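A, B, C and D label the chains in the order they appear, each numbered from 1.
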Amino acid sequence: MKLWDKGCNVNKEIEKFTVGNDYLLDQNLVKYDCAASIAHAKMLNKIGVLTKDELDEAVKKLNEIMEKGVEINPEDEDCHTAIENALGEVGKKIHTARSRNDQVMVALRLYEKSELTEIMELLKELAKVLKKDVKVPIPGYTHMQKAMPTDVKTWLKCYSDSAEDNLEILESVLKLINKSPLGSAAGFGVPVFDIDKEMTAKEMGFEKPIENPIHAQLTRGKYESNILNALTQIMFDLNKLSSDLILYNMPEFGFVSLPKEFCTGSSIMPQKKNPDVLELIRAKYHVVLAEEFKIKNIISNLISGYHRDFQETKEPVMKSIEITKACLKMMILIIKNLKINEKNCKKAMTKELYATEEVYKLVKGGMPFRDAYKKVGLKFKKLKTESSDSPSPFLGS
Amino acid sequence: MKLWDKGCNVNKEIEKFTVGNDYLLDQNLVKYDCAASIAHAKMLNKIGVLTKDELDEAVKKLNEIMEKGVEINPEDEDCHTAIENALGEVGKKIHTARSRNDQVMVALRLYEKSELTEIMELLKELAKVLKKDVKVPIPGYTHMQKAMPTDVKTWLKCYSDSAEDNLEILESVLKLINKSPLGSAAGFGVPVFDIDKEMTAKEMGFEKPIENPIHAQLTRGKYESNILNALTQIMFDLNKLSSDLILYNMPEFGFVSLPKEFCTGSSIMPQKKNPDVLELIRAKYHVVLAEEFKIKNIISNLISGYHRDFQETKEPVMKSIEITKACLKMMILIIKNLKINEKNCKKAMTKELYATEEVYKLVKGGMPFRDAYKKVGLKFKKLKTESSDSPSPFLGS
Amino acid sequence: MKLWDKGCNVNKEIEKFTVGNDYLLDQNLVKYDCAASIAHAKMLNKIGVLTKDELDEAVKKLNEIMEKGVEINPEDEDCHTAIENALGEVGKKIHTARSRNDQVMVALRLYEKSELTEIMELLKELAKVLKKDVKVPIPGYTHMQKAMPTDVKTWLKCYSDSAEDNLEILESVLKLINKSPLGSAAGFGVPVFDIDKEMTAKEMGFEKPIENPIHAQLTRGKYESNILNALTQIMFDLNKLSSDLILYNMPEFGFVSLPKEFCTGSSIMPQKKNPDVLELIRAKYHVVLAEEFKIKNIISNLISGYHRDFQETKEPVMKSIEITKACLKMMILIIKNLKINEKNCKKAMTKELYATEEVYKLVKGGMPFRDAYKKVGLKFKKLKTESSDSPSPFLGS
Amino acid sequence: MKLWDKGCNVNKEIEKFTVGNDYLLDQNLVKYDCAASIAHAKMLNKIGVLTKDELDEAVKKLNEIMEKGVEINPEDEDCHTAIENALGEVGKKIHTARSRNDQVMVALRLYEKSELTEIMELLKELAKVLKKDVKVPIPGYTHMQKAMPTDVKTWLKCYSDSAEDNLEILESVLKLINKSPLGSAAGFGVPVFDIDKEMTAKEMGFEKPIENPIHAQLTRGKYESNILNALTQIMFDLNKLSSDLILYNMPEFGFVSLPKEFCTGSSIMPQKKNPDVLELIRAKYHVVLAEEFKIKNIISNLISGYHRDFQETKEPVMKSIEITKACLKMMILIIKNLKINEKNCKKAMTKELYATEEVYKLVKGGMPFRDAYKKVGLKFKKLKTESSDSPSPFLGS
């Protein structure tokens, strides 16, 4: 039975369409909805809506559901209904002074806090494994052309440092969303009852409640878009690191090798050892990014207050969190097992990488920079002309 | 067993990550992969790779799979492997002169052609139900302000006409993608065997094969992005029509009503009858749009030839097709059951809607347009000032 | 003086904000607005609003403006106002039976038709220069790993063929937008006067008028988003071709070289010759794509009829057209001057590229494909193990 | 003369294309590039590259340029070249131990810090003007249907509170970007010279330098994408507030009125008073959002190190900053001058808004919530049926 059932039947096709896959996604929220319901029940007891016995009954059943889970059927629409129904008689009272709007939001925020914390742990592990004390030199590229010398340690350390940036970004987001929306009800607060939002917020581990109920509704999707911005930052680094690894793993470079049990083959070409895992991580950046923009657009051009459109922001968040976690785990595994091919790296350290060094030595000797730059530049130009012009048969148009 | 299995084991976590949900999505492709495999088998028989008996065996089994389906396990990776394995001994020969790359692509294209054709039928039905001969007047709005008179028939007919535009767009896309990629193999054609791409293309109902194998690979994702552009065009119209209906269904306007069995309620407010179905259709535009941009970005900044990144373009296509079909069905149902509230419509036809008419009557009488415009404009300015200034207590800052 | 000036002053800051850079962008539309105004004037003469003398006067002045241009000041807001004011007395009559809404749209459509036609010419030229009869072999890559042999001719021909696809896409869009919106006025048609939309459509070279005035308004932004989808298709090919060229131009590959006068240098490293032009073309794909996305979102979640939001769709169209033309010109220049380094290409044709060929030869000799595949696969696996394991000192964790 | 000029001419068309509008955009950076150059010069003096006289000369000239500006011609490419050339003889030395890469980045970061600080001031002012002590009741809407009572104060306060969220987000971003990239040179650090990055960072007011030079390059575009995420958060609130105001300003609601000098008219309909300014603010959200998306895609799928693609991230940042500032200024002006129509607001407070209150009163009297909900629900259902069924002639299909 739906929470809003008043004895008139909704068209079955409409119902199926509006529920969508919410009843599946909501499995992620069951334990958080229970936790929020426990906090709410305690508050209802405090303000006299639930008796001590009703509270105990509710808390006992909610703890059971947290442990054993609950089946959510399409007819239930979502976890909130399934849980309310599972509570039996006390369920009929527990929805006092709240709405599904704030219930969905508070469960989501608890879920998000927990998941972001897990992602931070993975980020820290990645930052750690990236600190490899491998002083093997490799070329630094700009414009995909050899630029100046660097080394494997510096290269990988850059991603470790950037993971620190991402941790900083995640911390800000965690702080931003650490406010309880419970008590905003349908978005305009709770009349008649004198609810205690401070109490429920504290009970659930939030820093404080969101004061203004319309503000609480405004955060739906908006806070989530900040979470997704944080996740795209992480995925961006993985996208770039994958791009590096795919290139450096090419036999033409051979700076690194993936263990062969990390590679997949071709159905037609028996010689292939493909870095599919890296290509998929690279692609997943765009998946998460599109989910971010999905949310940012769904919530636009709408007046304040709840719209059912917001339901479509749930899947992007859950999907992006799953992807980010999976990709971080993959990258940790890859970096742990990555092989550095010292011989190939050293072979790649050709003369032009040291041109700037040569310039600077002239500057140290007293020549103004621009003059030294030109002098060395002309030397390299001459070298190139000699080596390339004569033997290679160009085929221009 | 994987198509590329050479007896070395892939790391289990890597394998799970790279397969993703492909084995689930591929249920959509089973019958199309079978159809393509039948065409390929016939061609292999023609060029002497398969005997008549082997061909008959393969065709018989593939027809059985088309009818009864096939189980795809994560270990299979995809439908192509599951089907090849299900074919038994002849399966070991049928992969001659093709690659999974062109096999995936050709199955996808057959699937897309079939789905787009189905969407065209739905669009035609929508265009039909939108032609309602209801001459009830309603205000035409610009800038969300009453502008000039229109009527229900003209209003709904605009979406019917726009559905014709969408049909035109879909037809162009169908024409664009109506080329068989089979024969491009891994993206560089088939050596040794003299395959007949014309034959397989014709056999599967394509207009012609894609000539250049690298071009065939380049269409992966690119053609799909064109399909998604066509779908976003359809979804855009549904987004706008939903926006119209949501506004006109507000009691403040009351031009239309949704039947109550199309509305859903609130968990807290017993009086509510919410147009959730319309809000979700509105939101789904952004979902499909984000999927379009996902594809368009996944395929960018990559050199020619296949990359595993392309796997991530499969779900956006399938998801967007499902959404578009579902939303079209919903909108057909809604329009069929929409009620027009004649009394409210007529009441809304206030004087200012006829201001331009008044101007034009003056012009007909010989006054230049700009002069007539100013004359009528001043009259309305005066009217407004009189009616609004005195009684309403403004609260400015 | 503004078209809607009724003697009350608009706040200066508001005015500046709402005009934005429209007065600058509109220089692109001047000649098309004149052409549309000539058609409209002829029609007004036919239905008796303008005398023959007034028509002659208007046509003469509009032709002058087409030739000499007109200054558009911020106070004018846009080209339409500047032109109406420049017409003097007859200008006061010419706005009869039209609105700025349909005037903007018709001028934009004429501009778009002209620009798309120019882009088609550039595409044809690109398709032509890409047909180079250079049979030099190069490796075909999948997953950024050597896959099978191909050659320069086939590689470049793929972009030529894809340019044909783009021409097909552009033609569909040109057909879609080839309908005159003139006569839709503010979006609800023209009362009092019996205008002849067929006549003006024909006069301006459109296939036909858009019948339904609300439909005409619905196409604003929507048709433009189709134009942008077509442009992103072109830019996508340029993005991929640039990616190919940037990689193949790396000394590590050296398959192609850009002439040195096409490269730019570094402020610090005197040896650098960077392919900036290719990197910028690559990046511009994302610029155009974001502009497409911008339009598709600006027009969403709005009821039918005109909204000022649509003004923001003008710049994305103009900007994307300019970028696409510039990038096409650059790529034509580059391809014309591209040098193919035959020696490097041939050196890259290593043994593993022929593995599939080896398999197929075994198949030809009677071995089933999967067995042959495994046999050759094991051989390559053995080769790799021997060559790589012993000498290179791996540095794993 | 370009910084990398070595006496070989670049093709003029290529040059024009690669420079683009950089030379125009860079006017925004002149003073920040001077500030960074002063810090760099002091450091060069400290490490012995510049004499005290040379330093004084450089500082004097740089201060002059900061004050009077400098002309940047297309041939200069950018402000960095224009300034180096304007410095004369000492300019030839000042580029020692830095690259344009880190010079562009440091100037951008200084510019961004300054602009974000300005935006924070505007946000604070907006938050202030939104705190209006207007206790006039208005309906709260969910699903665009009357839900529960609220009031003008609570409604506007929600945006004030949300502005506080935005300030928090901006502060995090400011903290994130408050690291000096100077010293990363071309992205791989400075050889030969022992530069003092701590000193220059401190001199320019950064918290600290970015340690790892490859990390510094990785932040290009990435940090900017965080800035744009912060700006889209601000623009999102303005988008929603505009949507509220556009609806409530409709005569059908009439809760608020814009002063008439804030409205614009129509070229055809003399009665119109359109809220263009609000529609444009609403649309600008999508502009900034697309610019964010642009940056996030431009920087993807690229290996570490500088690519010229990054140049295309400059305009999106500058444009989005300009838009956000302009929209904030507009909204401050609008809110300051907004009129609240008390009579209309009160008239809109119809009975159904109090249904939840009625339920809660029953609950207070001892009835379980779900039972009370159903009781009140049935009453409203009965009321609706009576009032709407008989008189209104429905026109279904």
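Methods note: a residue touches a chain if its C-beta (ideal position, glycine included) is under 8 Å from a C-beta of that chain, and two chains touch if they have at least 3 such contacts.
As the structure is a prediction and not an experimental result, all values here were calculated from the model.
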Quiz item: With respect to inter-chain C-beta contacts, which pair, A-C or B-C, contains the greater number?
Solution: B-C
Practice problem: Compare the contact pairs of C-D with each of B-D, A-D or A-B and report the one sharing over half of them by residue number. | Solution: A-B
Practice problem: Calculate how many whole Å lie between the centre of chain A and the centre of chain C, each centre taken as the average of the chain's C-alpha atoms. | Solution: 33
Self-check item: Distance from chain C to chain B - Cα centre to Cα centre, in angstrom
Solution: 22
Quiz prompt | For chain D, residues contacting two or more additional chains | solution = 6, 8, 95, 101, 142-144, 147-148, 185-186, 247, 265-266, 268-270, 272, 274, 276, 279, 282, 286, 289, 293, 297, 300-302, 307-308, 356, 373-374, 377
Self-check item: Residues of chain C defined as touching chain D within the complex
Solution: 2-6, 8-11, 13-14, 17-18, 20, 80, 95, 98-101, 103, 185-186, 259-270, 272, 274, 276-277, 279-280, 282-284, 286-287, 289-291, 293-294, 297-298, 307-312, 326, 329-330, 333
Quiz prompt | Residues on chain B engaged by chain C in the complex (per definition of touch) | solution = 6-8, 49, 89, 91-97, 101, 140-144, 147-150, 154-155, 157-159, 161-162, 165, 168-169, 172, 175-176, 185-193, 210-215, 218-219, 222, 225-226, 229, 232-233, 236-237, 239-241, 243-244, 247, 282, 285-286, 289, 293, 296-297, 299-308, 356-357, 360-361, 363-364, 368-371, 373-374, 377-378, 381
Quiz item: Contact residues on chain B for chain D in the complex?
Solution: 129, 132, 134, 136, 142-148, 152, 246-247, 249-253, 257, 265-266, 268-276, 279, 293, 297, 300-302, 335-344, 352, 355-356, 359, 373-374, 376-377, 380, 384, 388, 391-397
